Amino acid sequence: MVLAFAGFREILGKERELRLLEGATVKELLEELALANPRFKEAAFDESGELRDYVLLMVNRKRIDPLQDLSRTLQEGDELAIFPPLAGG
Amino acid sequence: MVLAFAGFREILGKERELRLLEGATVKELLEELALANPRFKEAAFDESGELRDYVLLMVNRKRIDPLQDLSRTLQEGDELAIFPPLAGG
Amino acid sequence: MIEITEAEISLDEMIRRARSKDAGAMVTFLGTVRDDGMEGLEVEAFREAAQAELEAIREEAMSRFHLMAAEVVHRTGSLAVGESIVAIVCSAAHREEAFSGCRYIIEELKKRAPLWKKEMGEKGERWVGRT
Amino acid sequence: MIEITEAEISLDEMIRRARSKDAGAMVTFLGTVRDDGMEGLEVEAFREAAQAELEAIREEAMSRFHLMAAEVVHRTGSLAVGESIVAIVCSAAHREEAFSGCRYIIEELKKRAPLWKKEMGEKGERWVGRT
């Protein structure tokens, strides 16, 4: 399940179920989303294909570090949330 | 006019008019009050006749320093306020 | 607005007065009668001097911390445990200023405003702050 | 209590819940929609994650600053200029703790809670915080 918030919700929709290949990583899932949606690609990745600084991620409601955890493999039933910097209060 | 607050009000009453001799000082006024009222003497002065630390004074609603300003002379119409340490809020 | 009053404090009204479309933050302080094994408090004021001192403190806070509004109400008379003794409401463009302004006013009030509290208990009465 | 809600915030009720006879100080923070040349805000939450994060922040503040109570309500949806976005109420025995606890909660909320604001203006819309 992919959840998106704020600007990313406007591009991706609030939530969607995605079929994952066995052993797919967070990075592969993001690239699949980018492939299917040029606006998301533009918003989330820079020209060299790196994830932009302001893209924040949670897996199962825990923040993950885009520098270290993009290679994490996702399991059936995992929830990935994609959102821009926090701005509550 | 002498105003008293908190514990000193309970001893001296809230306010009273006093006749002053020409050129009377704050110290002389306090001593006159002490002479007339042993409870006030006990509350305001120590054994050696010094004003106790916690006695605070205002003349015409401005704080005066008991170390320096006791020799200040009072004028007809001056208002002397006597009170213990502040404890609002 | 500065008020020294026997009447109950309406924080609601104070907040309504302090609201403004240029304020992004509002901080309020309520000092309440805490149960220290006492039944209540008597609060006494040198009313005219306290009013003037609180107005001076308010002006200092407004200009130092660029407040949009600052409201202070201090009660006098008999208060029960749990009741509010003093309420302060400060609004500012940003939260840093609103917090600092509110803190400044309560600290200076305690140092400078001629107000006194007497604790009323089963075992008798005691003026607070007197050594 | 932690609440993330579309409904208007009732500070009054929050204060009633936070009152206690062991508290001598209560500090509240209100974050309000400031007129930066915009017409209003849209607030969006990752509701479940925000609720959990605010509960964790509340627990931290309660134990770090020995609070008697801590209440947080954050609104979502459409807000007009002047309306409250977030309200925090902290009570403690003494004012130092109540101020520090309230400050802690708003600072951590801004850093950690998955909430977003979109400014709605005549010239269009803009997500706050996005570079």
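Structure notes:
Letters A, B, C and D name the chains as they come in the text, with residue numbers starting at 1 for each one.
In the analysis below, a residue touches a chain if its C-beta (ideal position, glycine included) is under 8 Å from a C-beta of that chain, and two chains touch if they have at least 3 such contacts.
Note that the coordinates shown come from a computational prediction; the quantities given were computed from them, not determined experimentally.
With respect to chain C, maximal separation of chain centres occurs for A (centres as means of Cα atoms).
Spacing of chain C relative to chain D, judged by their CA centroids, is 23 angstrom.
If you average the Cα atoms of chain B and of chain C, the two centres end up 27 Å apart. Between the CA-based centres of chain B and chain D the separation comes to 50 Å, rounded to the whole angstrom.
The residues of chain C that reach two or more other chains are 31, 106, listed in rising order. Among the residues of chain A, none is in touch with two or more other chains. A list of each chain pair in contact follows: A-D, B-C, C-D.
Within the complex, the chain C residues that touch chain B are 31, 43-46, 48-50, 52, 74, 85-86, 106, 109-118, 127-131.
Residue ranges of chain B in contact with chain C, taken from their complex: 3, 5-7, 9, 53-54, 58, 61, 81, 83-89. Here chain C touches chain D in the complex through residues 11-12, 15, 19-35, 81-82, 91, 93, 95, 98-99, 102-103, 106, going by the rule given at the top.
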